[in-house]
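Order as written gives the chain letters A, B, C and D; numbering starts at 1 within each chain.
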Amino acid sequence: MTVLEEKIPPATARPAPRPAARLLPLLAGAAALALLAAAPYLVTVSAILSLEQVAAFAVFAVAANLLIGQAGLVSFGQGVFFGLGAYTVTLGWEHAGLSFWEGFALAPVLGAAAAALIGLVALRARTLYFALITLAFSQLFYQLVEQNTGFTGGANGVFAPVVPAWMESPVEGYLTLLGIAVAALLALWWLYRSDFGLLLRASRENRARVQALGTNVYRLHLLAFTVSGAFCSLAGAMFVVYNQGSNAELFDWTTSGQAVLMSVIGGMYTFAGPVVGAFVYQFGHDWLVRYVSDWQLVLGGVLLLVVILRPDGLAGALRRPGRLRLSGRLELPSRLRGRK
Amino acid sequence: MARFNAQRWTGLAAALLMCGSAAACANAAAGTGGSGGAGGGSGSGGTVTIGESTTLSGAIASLGQTGLQGVQLAAADINAKGGLLGKQIKVVSADDAATPATGVSNVRTMLDADHAVAIFGPVASSVASAEEQITNAQQIPIFLHTSNDIGLTTTTYSKYVFQDVPNTVMEPRAAADYLATQLHGKSVTIATFAPNYSFGQDTVAGFIQALKAENVHYTLVKQEFPPLGATDISSYLAAIESAQPDYVFNAQFGGDLVAFTKQAESYGLFAKTKVIAMYDYSVLQSLGSAAPTGAIGFDRAPYWTDDNSTMSAFVDEFRAKYGDAPSEWAILGYAAVQQWAWGVEHAKSFSGDAVSAALSGASPATILGSPQIRACDHQTELPEYVGTVSAQAASSSDPTHLWDTPAFEAQFDQIDYSCAQMTALQK
Amino acid sequence: MPHTTTMATMLELTDVDTYYGASHILQGLSLKVGAGEAVALLGRNGAGKTTTMRSVLGLTPPKRGSILMDGTEIARAKTHRIARQGVAFVASGRRVFGGLTVAQNLELAARTLGKRAAADGRTLEDVLTVFPKLRELADRRAGFLSGGEQQMLKLARALLGNPRLLLLDEPTEGLSPAVVSDLGRWLDRLREQGLSILLTEQNALFALAHVDRGYVMLKGRITHEASAEELRSSEEVRAALGVG
Amino acid sequence: MNTFVTETVSILTNAAMLFVVAAGLTLVFGALRLINMAHGSLFMVGALTVASLASGLTGGWGFAVALIAAVGLCAALGAGIEISILRRLHDREPLAQLLATFALVLVAADLAQRVWGTSDRTVATPVAGRFSVGGAVVPEYDLIVIGIAAAVALGLWLLLARTATGWRVRAAVEDPETLSVGGTNLALLRTSVFALGAGLAGLAGAAIAPLESVGPGLDTQIIVAAFIVTVVGGLGSVVGAALGAVVIATVEGLGTLWVPSYASSAGYLVMILVLAVRPWGLFGTPDR
């Protein structure tokens, strides 16, 4: 990891955190988890339903953000894998007689395989071209799924009693999804903190440098794309529990765009940002759609404010000042990117 | 440090604004929308809640908006007559943006938070089939008054589902029947044109099948499937035009059909070819004087072909309230609420099981007469109307070209599958 | 040789602090360029020479301090306004508009700022007399020029704006010895015409041969200030600059 | 022969329409390095403006007046958006700007619904005639659309190749800093280019209005198509946009004839193939 040790000034690289500073996030995390687990007994059913979606979208957004915020690869195509995950469960049930859990286990595998293939092509393009080629993949899959009515159910999607009956109630469904989300997020957290995660961030800041130091950045990004695809697919399979089925729109670029929105609203330079984004976006969206006739106007307005006023997303506001400075070198320079 | 704090505050302010605005609007909506809902929406007080989750934004918003108007007006009329089982009906509505996941979220909230006792249908079939999963599981009746995919009453059918529109089998069949009466055994060339997704494909397939059943002598010269909502369809039209068919069967609806008509007109397609399509009230109204005279239209509930006094009273009432004649979507939405209300009164209960049992096989009176609700699939036995677009505007003040009267009324038992066929499809 | 003490001041930086993000680059920098004076800014890579110029130009505006251009405060002005005050900049590297032809590059400069002083200022003709080579290259795309030709084009473009102060960033970088000596001649000629000049150079010997006075920078601060002759002979400065 | 003529004219018309939409998008990208998602919204506003003016202004001249009004309104809106929002985001990463314009799409959709309602409107075709070439029918209005595209192409070429403003736009793509050091007011240039791009979006919307049903949803229908054309041609290249429009229109047109059920996916496939071979589009430049 010579690359990064060089990049981070020694003074701020890894200051031994005070024990309290290390404990606090853990405690906060545990408290949040306890609160989330107790939620079904504290909040209204409609909030549990939103939470059910948040569980799936948090995994989706964090997995997408592995590319967007960490590697600097803005993908508008993660919906492909989200949709693939959902359809693996429903079509596996319909065509191959797979049980829900068999389909669920298969989803990340298929997601990874598809991502590896798509990544081979898409990663040849850079920056905005990458964003748009992934968008094209999203739309291509959407069209194909919508048109092959015989196999995929077309625009009507596949809505069938594929989810085990005991998970149909909001409380059980939510608690199951919460468990899966926590496990998936822990795995992703480990990835973020690993050398692989650090290298990804380094490649975002200075691709040429990482390349010069002997890492094949294309391969690094392909690996990230594959891993992200697997987790996005897992998130799609989780979404079936909420949605009780799969539909073609899950492949659409607007689904992919949701992951980007959540990452940016929450803060794409942190691990927790997309989770916060998933919360705020989903609750905001659900409330607005139900109760405000001009919900798009309000959603757009708030999004605009966040983008203008909070470049680092809402998670930046929730982060303690010390931490911000600690990781300053590694996580903030995107602001300076404009400079020559 | 000071700078950081400033950022922190703006961030929190944005977050609070997001939640705050949502909550504030929610309160506002609850306050104004709940017309006399002082007892809360739970059905235990003076009100009972029904939900309409439909498409209120985007390309097909006009269908959802007028459908919602029909539902709201029906509830208001029932309330004006003292309500239902002594309770006032409260309508909660939400935009599904034509997305199944949003529809699911809306319906689950309507059921779990608002305690809605019945759900009224969305525009898109995909949203409808997603919502059926929820209402079936929670044993709440759902009345589909816009989306009409045959799959909704076959593969995903349960006794809580009510289909209040002619389905995708009936509609093209009615058009084919009308065509057969016009042709008197003459042989013709036909092209088809449909949006490239299940609704379009099914409708076209149904039409071809119906032509066979009617022993029409036809040659299929061209089939085009442009993407749904395509902006420019000129190359598809050019392909149709060059095939020079006698008839084009078009399975588009709403704005897409309007665009098709405009572009087909510029190719002079209507001079040599008759178009058969869903030239319903909304489309004809959008087209105004650009309506394709002589084209064959079908409509699920054209108000102008029904001269009974109940319908004309309804049309007057609707005009007075919304300043416009009711579209088929409004009429069917209104009738669907009437059906449900009839079921509640006869069951003397709001429970899904009781209402379903009361309605199954019954013939409730609605503004569309008293069609039976078929017991095997809960399809309302509605006719489908077919007519020829008139050369005359409706009146000097209204440039809309309606149909020549009398319109062709394809009877239900002529155009739908039999119960035996439906039951087979239901597995 | 004019002396700073007696002549009018063209450019004056006082206690300028400039940051790149969190890095504090210029740390209380002060310097002066007199009217008609040529001044060199010397120092090693990373000393803050280019940042000084970017601060003057408003490209990296200073956080604190004052920058006076002929008595007018420009520290918070927009770049194009500063240019209209008569500050021209010849950046280092290949900073020509490669997609435009040489003629278009020049005309663009003439039409943007040239109009301002068209009555008595330099015209395109004047500039082409100084750089006849550019006339031959007029229809060539600027991106295809050699390093020396590009330097010529950048200088010509800057002069077309009729500046009162010319900022040159590393003008000799990457040029052949022949072109460097041409460049020296052009600089001397511009001095004779009374133009104020501030130039940064790694090649201290070249710079000191064509200026009146010089500053030595280290880590965002001025460490020495003296006349060109003194700096040329100072062992200490030669060591600081790494000059043989 | 018959099919050939019909098909050629329809491909040309389609290409013309795509070009006018894409030209504004690519121009804005070139000078501002910004992908304007709200381009489709401006397109919709252009069409809606014509639709609401058309009832009062009839005939060819009436349409021309409505068209100019639509272009003017959209250009003004564009200037307003650039000054009030995008200018603040100029130094930020491209994603922030992309999302800001996406937020505008949402805002515009509801505002348009507020102003114009949800029902579909139609605009009478100003030139309703048609003529026949080699037995094939050609609508006269198609020629007008092609004419508008040709005028836009010529106008942009003159602007970019012959005027100092055009050189500034091209120079701004390469090196905005050097341009501002040379005395160009970059902020003003950016606002003008954005307004021009917005005006072109409005023009495209206005031109397409007589062939379409004008109502909500037009915004999202057009934006993805415009992206494909722009990206295939290369972001920032007007020549690329023209070529991209012809390529996509041809692929879709021929796809309609040969593989109708997959014609709608063809555009995406072409885009993926082009980017796989030339990751910066046909006429684009690799990102610095």
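The criterion applied here is as follows: a residue touches a chain if its C-beta (ideal position, glycine included) is under 8 Å from a C-beta of that chain, and two chains touch if they have at least 3 such contacts.
These are the chains along with the protein names UniProt gives them: A, D = Branched-chain amino acid ABC transporter permease; B = ABC transporter substrate-binding protein; C = ABC transporter ATP-binding protein.
What you see is a predicted model, and the numbers here were worked out from it, not measured in a lab.
Taking each chain's centre as the mean of its C-alpha atoms, the one that lies farthest from the centre of chain D is C.
For the interfaces C-D and A-D, the C-beta contact count is higher for A-D. Averaging the CA coordinates per chain and comparing them to the mean over all protein CA atoms picks out D as nearest. Distance between chain C and chain D, defined via averaged C-alpha coordinates, is recorded as 43 Å. Computed centre separation for the pair chain A/chain C is 49 angstrom, with centres defined by C-alpha atoms. Remark: chain A and chain D have CA centroids separated by 32 Å (rounded to whole angstrom).
Mean C-alpha positions place chain A and chain B at a centre distance of 36 Å. Touching of two or more other chains is recorded for residues 143, 147, 295-296, 335 of chain A.
Touching two or more other chains at once is no residue of chain C.
Contact of a single residue of chain D with at least two other chains is seen at positions 109-110, 113, 177, 261, 264. Residues 57, 59, 78-80, 83-84, 88-89, 91, 95, 97-100, 104, 107-109, 111-113, 157, 161 of chain C touch chain D in their complex.
Within the complex, the chain D residues that touch chain A are 35, 85, 88-89, 91-96, 98-100, 102-111, 113-114, 177, 224, 227-228, 231, 235, 261-262, 264-265, 268-269, 271-272, 275-276, 279-281, 284, 286-287. On the chain D side of its complex with chain B, the touching residues are 2-3, 6-7, 9-11, 13-14, 17-18, 109-110, 113, 118-122, 124-125, 128, 130, 136-137, 139-142, 208, 210-213, 215-218, 220-222, 225, 249, 252-253, 256-257, 260-261, 263-264. Against chain A, in their complex, chain B makes its touches with residues 1, 4-5, 7-15, 17-19, 21-23, 25-26, 29-30, 56-57, 92, 94-97, 99-102, 104-106, 108-109, 112-113, 124-126, 129-130, 132-134, 137, 149, 151, 156, 196-199, 201, 227-228. If you check the complex, the residues on chain B that touch chain D are 56-62, 65, 196, 223-227, 229-232, 234-239, 241-242, 254-259, 262-263, 265-268, 282-283, 285-290.
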